[in-house]
Amino acid sequence: MIWQIDLAVLVLVVICAIGALAVKDLVGASILFGAYSFLMCILWAVMGAVDVAFTEASVGAGVSTVFFLAAVFRTSRRSKD
Amino acid sequence: MTQHFPALLVTAPLLCALLVSIAGWLRPRLCLPIALVGLGVATLAATGMLAQVLTSGPIGYRLGGWDPPWGIYYFLDQLNAVVAAVVAWVALVNLAASHRAVQADYEDKQGPFYTLYVLAVTGLLGMVATGDAFNLYVLLEISSLTGYALIGLGPNRAPLSSLNYLFLGTIGASFYLLGVGYLYIVTGSLNMADLAELLKPLYGSLAVTTAFSLIVVGLWMKMAFFPLHAWLPNAYSQAPGPAASLLAPLMTKVMVYVMIRMMLSVFTVDFVGTQAVLQQAVGWLAVAAIVAGALFALAQRDLKRMLAYIVVGEVGYMVGGAWLGNRIGMTGAVLHLINDAVMTFCVFLAAGCIFQKIRGTAFEDLQGLFKKMPWTMAALAVGALAIIGVPPTCGFFSKWYLIRGGLEAGHWGFVCALLFSSLVNVVLFFRLFEIAFFEPMAEGNGHGDHHGHAPAVAIAEAPLSMLLPLMAAALGLVALGLATGPLVKYVITPVMPTGLW
Amino acid sequence: MSLVHSIVPLLAVLVSLAALPGIILARGRPNLRETVTFAAAGLKLILVASLLPYLLNGQEVACDLVRVLPGAPLAFKVDAFGLLFALVSSSLWIVTSAYSIGYMRGLDEHSQTRYYCFFAVALSATIGVAFSANLFTLYLFYEMLSLATYPLVTHHQDAEARTSGRKYLFYIMGTSIGLALPAMIIAYQQAGTLAFSPAGFLAGKVSPLMAGVLLFMFIFGFAKAGMMPVHSWLPAAMVAPTPVSALLHAVAVVKVGVFCILRVITGVFGVGLLKSLDLGLAVAWVAAFTIIVASLIALSQDGLKRRLAFSTIGQLSYIVLGLALLSPKGMIGGSLHIAMHAFGKITLFMCAGAIFVATGKKNISEMTGIGKRMPWTMAAFLVGSLSVIGLPPAGGFISKWYLVLGCLQAGSIGLLVVLLVSSLLNAAYFLPIVYRAYFKPPSEAAWLEGRHEGPAAAWVPPLITAACSLILFFYPQPFLRLAQMAVAGLGGGQ
Amino acid sequence: MDMAQYIPVLLTKYNYWVYITLMMIGLWAMIAKNNLVKKIIGMSIFQTAIILFYVSIGAKYGATIPILRHGHNGAHEAIRTVDYINPLPHVLMLTAIVVSVATLGVALALSIRIHRRHRTLEEDDILTQLREP
Amino acid sequence: MKLISLALVVLLGGLFMAATADFPDWGDPASPASVHVSPRYIEKTMEETSVPNIVTAVLADYRGYDTMFETAVVFTAGVACFLLLRRRDPRPGPERIYRHQATGVIVEMRHKPAKEPAGEVFARIDDDWVPHDLIIMNVCRLLIPFIQLFGLYVIAHGHHSPGGGFQGGVILGASIILLALSWDLRTAMGRLSEAATGLMSAVGVFIYAGVGAMCLAMGSNFLDYEALGPLMFVDPVHARSLGIFFVELGVGLAVMATMVLIYKNLASEGRLDQGL
């Protein structure tokens, strides 16, 4: 465990989270959310939770993002906030 | 086989839910029978277990054959057993009544509908039976997810209500999870009995207090305790009939059960007793819940919405009773938990019958219902009496204990709120009955048709498959009321911890 | 006093409930339906009467059903008070059933099946109240009666019935849930039991202040007794069909209220406790106030049924007054008045109904000369009013006599004066009706030609009850004996 | 991996604080955002933050991933608890991740259903529509 | 509203942070969580289940009951999406659009054709069709078998390396979703029909619960895989290992099918005819 990496990833995670919520384009938000999940996955891998990281990589960064995109595709892409 | 009842209780409905789903693709007509079998087995197991617990004391079950702190352990004492029995029976009876409504509205989706129905019951039963704090979370999510889907299926604004419910429900469940996480950090265990032991030396710690608050607040969200109740009225009044009469009586009650279980078996009354400020605050919140539930209900012009707000008030009864901090109040809370499940079921099922026939439950639709649907209205009246608290229906007895608990604790606000809500319930229901009793005669002459018999309105009763379960529920209210004595003596008193005076 | 365990009290309560399926099944055939009602009524009277020998032998009959709450099971116990009341109501049910047939068919009322059903339920509840062994059972049947009578009161299902129904429920349910229920729970909290005992189960267990508060919570909580200021449901409830008013509002409902107060005074607090705290006198003065005011209001009423209703409010307070005197004679008078007033007032109500059936008149001012057209009915009316006023040769005299004696025994001259003044007032609002009916020349003769009493089922029953009132003057034994025994039982408990 | 002694005492709990910050960001989005998809993203962030919190419970300085070193001939070296990260939180969080994706699916399905009816996903617009039918 | 909720959230966060003061230090090997229950898993897993990946062992055996319901949660989500979204009414507007493969001419049919035009000459396309990128289509087509193979590996090798039923199932499901993304929904549907996904998700969970019920039938406790030893002629420890493998298979099947099911319904608004 290298705490500098840990800290850097933590900061990035927070940035991605805020970004995903701030972007008005929902496709962009979905992609940022995917990035957030992926960073989360890195964080867990760093902590040694390999199984959780693996799951998050496939579920969170993978399928969830696709679900978001599919839903956005079927509804509306613009958001007021 | 009898020693495997705890496993059967939960896994039989799970297996049958899967079979229902498969049947939904291959032979849709088999869905309901399979679902009935599944819940029937669960009901049998629950009833058998209740008998077992009553005769030979609590039973445990090691799932996977692992010992408690490591594996998942089911622990059933009188409290679980009786709640499980009530849940199973209500779910079974409601399922039996659901046929017509499902066929009318969701004929091509019977398979998924019944699958989710049975899964919801699985989750509820599992939550009642489990002795593991994390397992409870998973089961909670099962019954919540099915609940969101079943509610979101309704018409009009149901999806939005359901999504709001989902948000609040997820926050609630996550709070619960977080609370369990805090407990895990400080103790390293997830088993409830083990936790209770490990927590004893830690009562002063802020982490434990936070964990307790998180768990309790999370559960409050799920049970719609004022002021976290906003999701409930929309969700339950918009849900399809069979779903409403499953979730409204059971979901909130099981959450109350979990709260009581947490208070009694994980944190124990010794801990809760130290939280004097919290206790006071919850007492007054409960008062607010009861009063607000009553007042909101008064403002409604729709039967289902009114009932939903009554549920909000009833949650206040139970939470308030449980937090009074004395034996009688807790007894009242547990008793009301059982009674309220049945009485809410009765009134929601009656509302479902009415909706099934006249496709609406707004007050102005209800005119002349006593003539059109005498039996349904009679059952609704019995349910109403139970909610008002008229003996010998069961509502009276739980209210009796609750009020006594309030007196014992010197919490006059709670006592007054209970009485106030009873009075408001009288107004609520008799306003309704007045409409159903009087309206059609208004246009005719005061003395009605001059033949004595030959009713002016044709009787259009709900189908027998709904009516019989409804009658069973109504009779159950009286039977449960008369059984209060043994219920308190053999079921509730043994689970009251000695620390509670 | 020895206890006999028997299932008879339960049967007596249930018999009219058991008649329900019969009544509903026979809904298409009115004759059969009424036969069922009669059979149930007759059976009920027989069952109640069969308990009389036990009581006269100095035994009490008990029947425990379910242990619902510790110290407050669902249980029956028949003592002299209870039997007295049960006898009155069950015997009057028969008469009223007969009268109902005449009245309901005479007016071609709608929903008669529903009417008979709820009538039967109401009777069950009344007997249940009479036989209750504890406050919980009493409350149960009290509420059951409130609910069963609602559809009867609002039978006409028109706007007026709705308003009255609302008022009725508001007062009855409101007070019972808002006052009687908490009072009961507090009492239970203090005593740990709710079983009536001759000395009162609260005796020695409550502080004086608490006792006073509880007593008034009970007295106003059982609003069926019509104590002012919770009386105004009673005149409103007069919109009901007359047989309902007759049985329920002259006999069953209001008497149930009074009977509850009787139980509260004798069984909950006990004479000793109330005496020591001087609470009896306070209640007595509330009753006295009600008597005078109600009588004055009755004077000004033109609607016959409304006048009778206010008269009832006054008369009920006689009973409460008698009980609250806490002197043996007064209590005998009070409990005896339950019976005497029942026979008198039911006669009056049935007469009012008979007049309505035959002529459609409701107001006193329209009844000038009606005695010529309906001599039998009005004769019964005369006897009834004599009984209610308390003049010989009617039964009411006996109870009033005891009440007066009771006042003397308690040494309360003020209350004695109230009694006498109110008797004068009673005479002042009843006798002019009789005078107007017989001796005033009718203003419009058209509708008074010849004698025409209306259907026999409508005017024979009042004659019977009037005759009973007369008989009770000469032979008050069964009721007097029971009242004396009951009061003696209390004395033994002191 | 003997880092523990170099880490300032001040930083022993900073991880927890970041998790809580994330949680609060998610929670705030769920309450305050107007767009339903944004709310759902907030919900996912909230849930993930809780999972992160849990996973970190299991972290152990100086330990490796919870997969036992083993030989195929059945000769195991001695297993010491301090060598391996606590696996239980991982197990629990696998479940929680799956639960969160399931919730996400249902939430998105509901929002599509809402969109089907109201043609918008902005909560205030939907409420306006509902108020004036 | 926003400000109030912000204040509320900040307050709540402050409370949570305050509570961390009582926590053991981050990563402390002596924290209660590391010394109470979990040591047994670390120390005994190998001898009790012969599974080196402790997470898999705990997931599918010690706390296998949780995992069964976890699978049921996924299944529930699939059924829920189906129930909420699926509808069989035809899409309003132009019925179907076809593209002549050879010339690229696009044909719009107002009414549903009695017979689907031959796939070779005409291909049905979406309303908002844009020409697919040849490279993407073919690269994905090439990749998908490998992805699926990897998914199967992840499921099968979960005993020894990170992975297991969930991860493998998701990967398998993702391969189908990738097909739908790079080609179109109908192609994916052709590979895995709706009924197949529905049935597979139920069967997957059924395998899990069925293994548990089998243990029950053998007279042991629910999910006590040791009871399966006699059936498979292995000793109890290996029976546990094999039991874990079976349930992982079930999980993989259920998760794969459910992910596809959810995607299909989300992407096509429940009509399953055309989608992302």
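Just a few scattered comments:
Labels A, B, C, D and E are assigned to the chains in the order they are written; within every chain, residues are numbered from 1.
FYI, contacts are C-beta pairs under 8 Å (C-beta built on N, C-alpha and C of every residue); 3 or more make two chains touch, one makes a residue touch a chain.
Note that the structure is predicted; figures quoted are calculated from it, not measured.
Common neighbours of chain B and chain C (chains touching each): not present. Annotation of chain A and chain E: jointly contacted by D, touch as defined at the top.
Traced through touching neighbours, the fewest hops from chain A to chain B number 2. Compared with chain A, the chain whose C-alpha mean position is the greatest distance off is C. Chain pair with the larger contact count among B-D and B-E is B-E, by C-beta pairs in contact. Averaging Cα atoms per chain gives one point for each, and the point farthest from that of chain D is the centre of C. Ranked by how close its mean Cα position lies to the mean of all protein Cα atoms, the top chain is B. The distance from the centre of chain C to the centre of chain D, with each centre set as the mean of the Cα atoms, comes to 71 Å.
As a whole-number value, the distance joining the C-alpha centres of chain A and chain C reads 78 Å. Per-chain Cα centroids separate chain A from chain D by 10 Å. Chain contacts: chain D has residues 14-15, 21, 23, 27, 56-61, 63, 65-67, 88-90, 92, 94-95, 98-99, 101-103, 105-106, 108-113 touching two or more partner chains. Among the residues of chain A, those in touch with two or more other chains are 1, 50-51, 55, 59, 63, 67, 70-71, 74. Among all residues of chain E, those that touch two or more other chains are 16, 20-21, 23, 27, 31, 33-35, 37-38, 41, 53, 55, 59, 63, 66, 70, 73, 76-77, 80, 84, 162, 166, 262, 266, 269. Taken pair by pair, the chains that touch are A-D, A-E, B-C, B-D, B-E, D-E.
Listing the residues of chain E that touch chain A in their complex gives 27, 53, 55-56, 59, 154, 162-164, 166-167, 170-171, 173-174, 177, 181, 259, 262-263, 266-269, 275-276. Every residue of chain B that touches chain C in the complex is listed here, in rising order: 385, 388-392, 397, 400, 403-404, 407-408, 415, 419, 422-423, 426, 430, 434, 437-438, 441-442, 446-453, 481-486, 488-489.
Note for the complex: chain A touches chain D at residues 1-3, 6-7, 10, 13-14, 17-18, 20-21, 26, 29-30, 33, 36-37, 40, 43-44, 47-52, 55-56, 59-60, 63-64, 67-68, 70-72, 74-76, 79-81. If you check the complex, the residues on chain D that touch chain B are 23, 27, 30, 36, 39, 43, 46-47, 50, 53-54, 57, 88-89, 92, 95-96, 99, 102-103, 106-107, 109-111, 113-114, 117-118, 126, 130. Listing the residues of chain D that touch chain A in their complex gives 1, 3, 7, 11, 14-15, 18, 21-22, 25-26, 29, 33-35, 37-38, 40-42, 44-45, 48, 51-52, 55-56, 58-61, 63-67, 85, 89-90, 93-94, 97-98, 100-101, 104-105, 108, 111-112, 115, 120-122.
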